[in-house]
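Paired with subunit B in one complex and with subunit C in the other, subunit A is shared by the two complexes that follow.
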Partner chain A sequence: MPEVFIDGKRFEYEGEQRLLQFIQDQGMEVPFFCYHPSLSAPANCRQCLVKVGQPVKDRETGEYELDENGERVIRWFPKLQTSCNTMISDGMVVHTQETDDLVKRAQKDTLEFILINHPLDCPICDQAGECPLQIQTYKYGPEGSRFEVKKVHKPKRIQLGPRVILDAERCINCTRCVRFTDEVSKTHQLTITSRGDKNYPITAPDREFDDAYSLNTVDICPVGALTSADFRFKARVWEMNQTPSIDITNAKGTNIDIWTRDNLVLRITPRYNEAVNDHWMPDEGREAYRLFNENRVSRPHQKIDNEQVKSSWNNAFATVAEQLEGVDKKDVLLIGSSHASVEENYILSKLSSLLGYNEPVFTSHTEKGKGDGFLLTDDLAPNANGCRLLGFNEVDNSKLSGLAEKAKVVLLLNDNLVDREVLSEDQLNNTFVVSFSTNHSQTSKTADLVIPITCIAEHAASYVNIDGRIQRSFPAKETKYTNRRLDFEMNEGRLDRYGTNFDNWVTEENKVDCLPFWIVASKLADQLGVDGFDYGNGREIMEEISSTLAPFEGVSYARMDEESGIVLDQEKTTVKS
Partner chain B sequence: MKYEFTEDDLQEIEKIKAKYPEVKAATLPALWVAQNRFGHVNSDVQKLVAETLELPEAHVHGVATFYTQYYKEEKGKFVLDVCTCLSCQLCGGYDVLERAEEKLGIKAGETTDDGMFTLNEVECLGACGYAPMLQITNDKYVNNLTPEKIESLIEDLKAGKTPEYEQIEMPLRKVK
Partner chain C sequence: MSTVDWKNYEPVLIPNIKDIHKIDVYRKNGGYEALKSVLTDKKKWADQKSVIEEVKSANIRGRGGAGFNAGLKWSFMPPADGGPRYLACNGDESEPGTFKDRKIFEYNPHVFIEGALIAAYAMEITSIYVYIRGEYKAYIQMMEKAIQDAYDAGMIGKNIFGSDFSVDFYVHSGAGAYICGEETSMLESLEGKRGYPRVKPPFPAQKGLWGRPTTINNIETLSHVTSVINRGADWFKSIGAENHPGPILYGISGHVNRPGVYELPSGVPVFDLINDVAQGMRNGKKLKAVIPGGSSTPVVRADQLDGVTMDSDSLREVGTMLGTAGMVVMDEDTDMVDMLWRITHFYHHESCGQCTPCREGTGWLEKVMLKIKNGEGEIKDLDLLLDITTQMEGRTICALADAAAWPVRHTITRFRDEFEARCKKSVHAVA
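On to the complex of A and B.
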């Protein structure tokens, strides 16, 4: 196997590899700005310089030439090389800044050049705390600048597009954003304009940077030049708390991180998953953070005299039981939801079979032309495949509205059927509708009883994406009934850890008064006199699902975490008993 | 104003495209075709070039803004780039520039009202041996300038007389 020597250590490698990536993969470090593993490597920041040499071979025998000590004779490249676009070759000897003073000096001097015109406004910069330039300047940079001339001034606060703002002075012209639009989103909307010390990235004149993936450029910007118009100045990175989750705005199942502070979701960023979304996510998915904060149903709401008023949990359960007891079993319609998780839908279906109701039905939520063959899909719900694999009857919109009109009681799991015009308010006039909802909507307004349930940001649950890949979320924000310090799946940010209820950075109102659907269902079952129906968390439900339903065989939270999602065998079907 | 290529221009661009394996390489010569036609490549012209070559507008914009020789705004018919870099400066480049400013009634970087002349102060054009000098509209060099010479040059240009290409022999070392 071919070998390479890095800082005196021998490594074996396979195939074509970029030196910088290989060094990183071994857990070592070389500073860099312009390189990105999913983009081409133009080597324009010059920060990843290393010393590289090849052993000298005898041309005739093909043997390595040895010096008097029996060591291989190394022929060093005449100049330092940028490791990002140097391909490894057999026998290559590399010295990084750890073992070579020239490399160390070169990196330091490059940084000094990069910083000549950088404003160093870290105290007011959004990128501070997650800024490669800041981090690497601390680690590898010079202590001060020797440039006493005035810095070059460039345009600031340019609204590049609806979602991205440019501060050209902070830009170090790494061209990551330009390469992103050229190579990944392929809209070619950005370019570097002007030349020399006045250059910066911009769109063509009179054009907007309205790329559907534009905010990825904010993520990959190694400085604070590109910032999100929405998230700008909202929070410092170190105040927030990062929790892995799944995008719920379409069926791709893009892996995301949810950033919270004081139990409010402040932003969503993509999380690397080679099999699903690589490093990217569509801008639409990032907007979803509002769903987790705003307009949430908190406490059950009951319609009295055509007006929804806040009610109590006990009353809510009693009301459902009362309504269900009076009607014929076949007049009860349970509607599952492609917007809810596998666990929630499973619980709904289990409840219905225990109580002897018809299997839940569901309707998919698609919009033709929404998909783009990349990370946007026509299917606008995160879990339609999950419902299918659970064996739910998929009905079309007209069939569903017919069923709902006939039913006397409808139990509706989080799906805004009225908002998306599957059902109309009139159709539900004579039906008692119980809506298990995360957010207020036209649908929840129509319902006679609204029971608030946790959203994806508040519970651990799994979703099956369009390719049959099951992935799961983690709880990111607390509800009235959960506590970060007790729930080991929840991360604690600095403010979460050191804040108290008496601080002004802990706001009790940010915790929604809602329960996970499985707990709601367990309490309902208890009220209805069903024994042994008691579920505390998604993990145990998934254990039950995987041991009973064929498509989910072998699925567990541990495996999903380990393998960043599991592709389910969609050939297998759930056999209904 | 709407910019459009003539049939001849389009044919020329087709010929240029045929020379290269990729269209992208035709950006520079196509911009020249445009600048020769319209006298400048402002943002509308850049768009036209991008459309004609079927390249992203941003790419053409980036290329056009990289080179100072492409004029991103309308300039005078004659653009006088007066060098004031070291050699020219020492040999009286600023005297030449000032006389030109006086004569044209504009400052460096400006265009005369009649649209005839744009005067620029530029850095080294690589003709230090015949300093001070200037370049006319990305083209001919006028060498060994004096304040008097620039006045007559401007008069000539106004009269429609452009200077000839000038070949200057460099004094060579005599080999014994």
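On to the complex of A and C.
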């Protein structure tokens, strides 16, 4: 196998590899700004300079030439090489800043150059705390500045498009944003304008940067030049908790991170998953963060005299039991949801079989033309495939409205059917509708009883994407009944780990009074006198699902975490018992 | 060192013939005979390779400044695969002090067109682009007319001279960026993109214009090809300095009595060029310094120039380069601080901004130079300038950073007393 020597250590490698990426993959480090693993390597920041040499081979024998000590004779490149666009070749010898003073010096010099015209306004810059320039300056930069003349001034606060704002002075001209629009989103909306130290990225005159993926440029900007119009000035990154999750605005299953502070979701960023979304996500998915904070159903709501009023949990369960006991079993309709997780839908179907109701039905939430062949799909719900694999009856909208009209009691799992005009208010006049909802909507307003359930940001649950890949979420926000320090699934932020109770924000109003659907179902089962229906969390439910339903065989949270999701065999079907 | 007999040299690129820019006059004086010969005289020129070999053995060292053997460069082109191949002729000539290609455009365009056509034939090229500096508006029009005349006369187009060689010839105007004279950013510019130099490898011969094999030659280099084919490689090699043979278009400017473009053999003594060719210093002043080949080549003090000739070897001995042979002559009244500031201003204005050391370094150099020029500099600023040049050199994609750094480094080291005299006296007690 071909070999390469980096800082005196021998490594084996296969295939074509960029030196910088290879060094990173071995857990070592070379500073860089313009390189991005999913973009081309223009080698323009000149930060990743290393010393590179090749062993000298005897032309006739093809053997390596040896010096008097028996070591290979190395022919060094006359200049330092940028490791980002240097391809590894057999026998290559590399010295990074760890073992070569000239390399160390060169990297420090480049950082000095980058910093001379950079505003150094870290205290008011949104990027501070997650800024490659800041981090690498601390590690590799010069201590002071020798720049005693005037900095270049460039435009600030330019609204490039509806979602992205540019501060040209902070820009270090790495061209990542330009290359993103050229190579990934392919809208070619950005270019560099002007020359030399006056240049900065911008759109063509009178054009907006309204790319459906524009906010990715904010993520990959290695400084605070591009900021999100929505998120900027809202929070410092070190005050937030970062929790892995899944995008719920379409069926692609884009991997995301949910950023919270004081139990409010403040932003959503993409999380790398090579098999699903690489490093990217559509802007639409990021705007979904509001769903987790705003307009949430907190405490059960009951319709009294056509007006929804807050009710108690006990009363809510008693009311459901009362309604169900009074009607014939075939007059009860259970509606599953492609907007809810596999676990929630499974619990609904379990409830129906234990109580002897018909198997739940669901409709998919598809709008033709919404998809773009990249990360947007026509299917606007995250889990239609999960419902299908659970063996739910998929019905079309007219069939569903017919069924609902006939039913006496409808148990509706989190799907805004009235808002989507699948059902109308009039159709439900003679039906008692229990809606298990995360957010207030036209649908929940129509319901006779609304029971609040946790959203994806508050529970661990799994979703099956359009390609049959099952992936899961983690709880990011506390509810009234959970505690970050006691829930092992919840991520700890810097303040949780190092701060006292008084360092962290704790606003009780930000915690929603809701329960996971499986807890709600367990309590209902209790009320209805059904035994053995007791689930504490999604992990337990998934264990039961994987041991009983063929498509989910072998699926566990541990495997999903380890393998970044598991592709299910969609040919297998759930046999209804 | 044998002196070059330049006094009896008869110019071939810019001969003393009235209206040579007209195609009829050019043809009457033996024009397009070289092209006809390589295309039709199969006894003399068996195939394309024989043309490349002749040019290679003539050792025409690239007149754009890098001095690379043109024929050798041609031989790097991969074998033809039926797809398009390009010749890009570099007439972006933007280096301060350089104005030789302009002379060819206006005075004798057909000698260049003929050379380019021979090159295209030798490398089996399908399209020729001539990239001309945007400010050369009048010369662009002249070139367009000359190319049209050549098309009309059947020198360009389909089946030239009845052979199976066909080629197209296009003029492309630059838009005012110095960096587009760098060969790979010129290709970007030709493709309609921002003039950012490309990372090499891949070299243009492998992946050039639109990803196809491309050779880039200077205008003067290609013009010499015509005379090499007409008169033979041995004639070319017999002229001028051994290591850098052939005639050169010297562009002499500055404080001399008769500035201009002169075609003379390489290796003419610098003092001969100033005193005889350019007829001496203006107003009888004393010579102070010479920049031998465009603003990026290091300046040389007059006292270093004894016996120095205009060829790469001799100039290397005094720490400078031949470059484009655009010689800037400065007399004793020249303010070296002002001169250097103006050069740093130019490179600051022209850096494309792609690589960090050049983008930031050129601006820093100019700002510190301005401070010194205004009498506000300190001695430590001179060392800072030298430090900045060290940080820039050899760490960028193209050579603009080096071109910007060299004049600073060498002007300061060679005229340090003048710079120190302009600086504020140190206020710090030494002991």
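Methods note: the second predicted complex is superposed on the first by the 566 of 577 C-alpha atoms of A that agree within 3 Å, B and C clash if a C-alpha of one lies under 4 Å from a C-alpha of the other, contacts with A are read in each partner's own complex, and residues count from 1 in each chain.
To be clear about the criterion, contacts are C-beta pairs under 8 Å (C-beta built on N, C-alpha and C of every residue); 3 or more make two chains touch, one makes a residue touch a chain.
Quantities reported herein were computed from a predicted structural model and do not represent experimental measurements.
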Put the two structures on top of each other at subunit A: do subunit B and subunit C fit, or clash?
-> clash
Between subunit B (first) and subunit C (second), which, if any, makes contact with A:457: first, second, both or neither?
-> neither
Figure out whether A:188 sits in contact with subunit B (first) or subunit C (second), or with both, or with neither.
-> first
Is A:173 touching the first partner subunit B, the second partner subunit C, both, or neither of them?
-> second
Using the touch definition from the top, say if A:49 reaches subunit B (first), subunit C (second), both or neither.
-> second
Which holds for A:205: it touches subunit B only (first), subunit C only (second), both, or neither?
-> first
Interface residues of subunit A shared between complexes with subunit B and subunit C = 191-192, 194-195
Within their complex, state which residues of subunit B touch subunit A.
-> 43, 46-47, 50, 56-62, 65-67
Which residues, counting only subunit A, touch subunit C once they are in their complex?
-> 42-47, 49, 78-80, 85, 106, 109-110, 112-114, 116-117, 146-147, 149-150, 152, 172-173, 191-192, 194-199
Within the complex, subunit A is touched by subunit C residues 177, 179, 194, 196, 199, 348-357, 359-364, 367-368, 370-371, 384, 387, 391, 394-397
Residues of subunit A touching subunit B in their complex?
-> 181, 188-195, 202-207
